[in-house]
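Heads up, the next two complexes both have chain A, just with different partners, chain B and then chain C.
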Partner chain A sequence: MHKRVFVTGVGIITAIGNGTGQTLDSLKKKTSGIGRLTLFRSIRSDIPVAEIPLSLDQLSEIAEADPGSGPVTRNTLLSLIATRQAMLSSNWDITSPLRSGIILATTVGGMDFNERYYGSLLTDDTHKDVITLLDSADCTEKIAEYAGIRHHVTTISTACSSSANAIMLGSRLIRNNRLERVLVGGTDSLTRFTLNGFFALEILSPTGCRPFDRNRNGLTIGEGAAVLVLESESVADPSAILCEITGYANANEAYHATASSADGSGAFLAMKEALSTAFLKPADIGYINAHGTGTEINDLSEGRAIEKLFGNDIPPVSSTKAFTGHTLGAAGAVEAVISVLSLRHQMLIPGINFVTPMEELHFLPVPEATPCRLNHVMSNSFGFGGNNTTLIFSRS
Partner chain B sequence: MEELIGELKKDIIEALSLEDVVPGDFDAETPLFVEGLGLDSIDALELILLMERKYGIKIEDPKERRNVLRNVRAMAECITVHRNNHK
Partner chain C sequence: MQAYITASGIISPQKTFMDTGFPDTMTEGISNRLTCIEPDYHGIINPVQLRRMPRILKMGLASARLCINRSAGKSPDAIIVGTGLGCLENLEKFLKEIIGNEEHITSVLPFINSTHNAVAAQIAMMLHNHGYNVTYCHRGMSFESALDDALLHLEEKTAQNVLIGGIDECTDDFMQIHGYLNYWKSPLNNLSLRHDKSPGTIAGEGSAFFMLSGESSLQGQPVLEGVHTFLTPGGKVTSEDIIQEINSFLFSHGTEKKEISLILAGINGDSYYDGVYYDLAHGYFDPAAGMAMYKHLCGEYYTSTSFALWLGSLILSGQNIPDEVVIKRPAGKKMDKLLIYNHSRNCEHSLILLSHGKI
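Up next is the complex of A and B:
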């Protein structure tokens, strides 16, 4: 007997705010988090980023949690902040005997410490303790400890679909009654590694990303963390339920190491399969939070896939990456929380930095925060390697 | 106590941005969640932060937290006990 999967708590921190209140406010007022890099010195400092302008000490203070002894990476602090919000909102009890899991996603792990200590690690042992913090799973293990989770602890790293896959796996574990509650989400901090790496791929926007614009010129790297509490229908407190996860799918088009196929076949398959797991028709979707990175290839391929699936009846679409930047491993969870807010407030989320329509597509991004009756919201997250994931959130 | 209840109602309306609600719309015993004001878990977090930041009260036990956040009177009583303990 399958169990329904409810979202009973959320937490979020990105360049547009700490918590759902600030996040929603920025989305409504169309305030972008994209700006100048101040967190670290870089030869790429002329490239805009969406950073959270807080130091490790400031983040520690906000996290209000003791993640154990020793130094803590930026990734772990960001996810602690989001996790604490999610746990408080769902009234998570760390002493509960419920079968509980945690599935967190990241692409950089403790890269900020790697960059800071790499030089000294080559010459002496002073900082050798930080080596264990570099691993992607370090953050998940610390949060698992914090949340009292023993049953299922997993870290997912599938590039930009990482945390959408964490949400999908968590949903499946609950649906199939393997777990009763699970913390799912993702975190990625801004690092030289990502900034220089994406620069080398020649897909960073020199001006700030503008999803679905004809003159789009690349993506903007962001940072952040978002965490959701998912609970089985058999244990969820009705007063805590925010919405239901009804659909999810992952489809790999195996086309290219980094590029998506021109016709968006992987994106199309992910959206189509997600609809079918939710027993929904395309016309049931009231809003699509697109992957919409602002790169030439993604927006065209995703747009074509949307047009192929929805035909002449395309629901309102926007990408929120011109607000938060592309938060990579956190993006799926960040946009999941934004989708939950869209449903909760019955509001279409606008896309910003859009000026000129693309010649190839027949839809425009949502221009303003607009009240709208929404029953089902779709969120897309597509990763390098053709790893495409679609989630569907429904009013419960 | 009544004064504190009035203040809390205003705090709640502000913290949760309840645009269509005025303090007269609910009383101290009105359930805050599900029926009554119909709040959800995102609102719950805002109420927890309100208790922490404005009133300096951190409730660690989730069961007690749920009990305190059931209505305005329970919140006011918790604040009063906290104030008396810190006199």
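Up next is the complex of A and C:
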């Protein structure tokens, strides 16, 4: 017998705020987190980014990290902040005997430390205390220890859909009664590695991203972490339930290493299969939080896939990447939390930086935060390697 | 949920690529690092792609392709890869351009090829496969996470055939940097690893892919009964903790400890960490059970249990334990169940239970 999967806690930190309160406030007021790079020196500092303007020390203080426990990466601190919020909002009891797990996602892992110490590590062992912090699993293990979890601990890395896949796996584990509760989410900090990588791919916006605009000119990299607590219907406290995860799907486009196809076949497949796992019709979806990176190819490809699936009845669509930037491995979870907020507050989330409609598409992004009766919200996350994942959140 | 292991394809430091059986002779050498014996990729991988393809992608694509070919060319319903460190060589290459060349990038290719999901994604492209596609990157649990996900898919009936792989590459930088943490022994003959009483181990690498199926019409195909992982932060763990984990894992798979004919242990010659395995062999498992090791053949790497799964499958289906891996032969003649137990520096532990399947 399948178990229903409820979201009972969320935590989020991005360039538009620390916590759901600040995040919602920025979304309503249409305040973008995109601005100038101040965190580190880079020859790309003229390119706008969506950074969290807090140093490692400041993040450490917010996370109440134990200063005696040695160096901690930016990823781990961001994750810890989001996890603490999520655990608090779901009344997570560390001592509970419930079957618990944790699935986090990242693409950069401890890259900030790599950038700082790798040169020195190639010369001598002065900084050997950071060696075990450089990979993608370090953050997950630190958070697992914090949350008292020893089983079902893993890390997913599927580029920009990483944390959507973490949420999908967590949902499947609960649905099939392998687990009773699970922490799922993702984290990626801003790094010179990704900034330069996307720059070299020539897909960074020189102005700040403009999802679904005719004159869109690329994506804007952001940073952040978001974590959700998922609980089985057998154990969730009804008063803590925020919404239900009813649909999920992962499909591969198998088209190109870094680009999506013009007709969005992978996106179409992911959305269609997610609807089918949720036993929903396209018309049931009240709002789509699009992947909407603001690159020429993504928005066209995703837009076409949406039009193909929803036909003449396209629900309100927006991308929140003009607020938070593209938080890469965290994006799926960041946008999942925003989708949960949209459902909880019965509100369409606006898209910003939009001026001119795309010629190829027949829908426009949501212009303002608008109250709206919402039962089901769809969230898309697509990544390099054609890794496409769609999640559906439903009112419970 | 059980899964039949219906085919495999493996590139390792041993001559494992061409034949389906255990190699006749073992590769040995005086070193603290074992490197894969790679096949001639022409005829396996598109020559245009081959020219600029990173080594780990070549190994991944070739072993996945071989596994698919051995599955009658059947494209899987899902592709799931575990890799502890991902495409490490390209990550290092791009990182060094950034820190050493002040962000003056000469090529974007290393960035594209540095993503952890590159292997799984390229396999999907090679096969034009639109199914479920995920990559796990969690140290000594990466391959196990892929196995677990595959079993869940078979249980959900969202897939009938799942291609899973464990893949990691070793690099010079990795050797040097982890050398500071005393991970490696001084160079020695890899086949003598077990008898070396010093701390440290030898590094390794490999790429092993398997087709897991919910059903099988063939007799004697090895069966993956289940997989279990647990974390012991900071290496704080006692034999009792481990015994409790093994007990509950075996119980949940309807298996009694006396049914285990052979323990395939992650013994890596590290005097600091190997005690756990011997303690279990002497104090916990049935005295009739045998014990074998595999890391002297493939070296230590995060997804080495994929090599162990290949070896364990061969042992069960052939009902024969090669002399080269035996620590202690089982008392009974017939082997029904085999348990792979591995831990990475006493932090990430994994258990994989195999059985002989239908005869």
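One rule holds for everything that comes next: the second predicted complex is superposed on the first by the 393 of 396 C-alpha atoms of A that agree within 3 Å, B and C clash if a C-alpha of one lies under 4 Å from a C-alpha of the other, contacts with A are read in each partner's own complex, and residues count from 1 in each chain.
FYI, contacts are C-beta pairs under 8 Å (C-beta built on N, C-alpha and C of every residue); 3 or more make two chains touch, one makes a residue touch a chain.
Computed from a prediction, not measured in an experiment: that's the story for all the values here.
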Based on the superposed arrangement, let me know which partner A:N165 touches: chain B (first), chain C (second), both, or neither? second
Mind working out whether A:W92 is in touch with chain B, chain C, both or neither, as first, second, both or neither? first
According to the contact criterion defined above, which of chain B and chain C contacts more residues of chain A? C
What is the contact status of A:L242 with respect to chain B (first) and chain C (second): first, second, both, or neither? first
Identify the partner contact of A:G70: answer first if only chain B is touched, second if only chain C is, both if each is, neither if none is. neither
Which of chain B and chain C A:V10 touches, first, second, both or neither: first
Pick one for A:P371: touches chain B only (first), chain C only (second), both, or neither. neither
Find the residues of chain A that appear in the contact set with chain B and again in the contact set with chain C. none
Quick check: in the complex, which residue numbers of chain A touch chain C? 42-44, 107, 111, 114-115, 118-119, 121-122, 125, 128, 131-132, 135-137, 140-141, 144-145, 149-159, 165, 169, 172-173, 176, 178, 192-193, 196-197, 199-201, 250-258, 265-266, 269, 383-387
Hey, which residues of chain A end up touching chain B in the complex? 8-10, 19-21, 85, 88-93, 238-242, 344
In the complex, chain C residues that touch chain A: 79, 84-86, 94-100, 102-105, 107-108, 111-112, 114-118, 120-122, 124-125, 127-139, 141-142, 145, 149, 152, 155-156, 173, 176-178, 180-181, 229-233, 347
Can you tell me which positions in chain B touch chain A when the two form their complex? 17, 33-34, 39-42, 44-46, 48, 62-63, 65-66
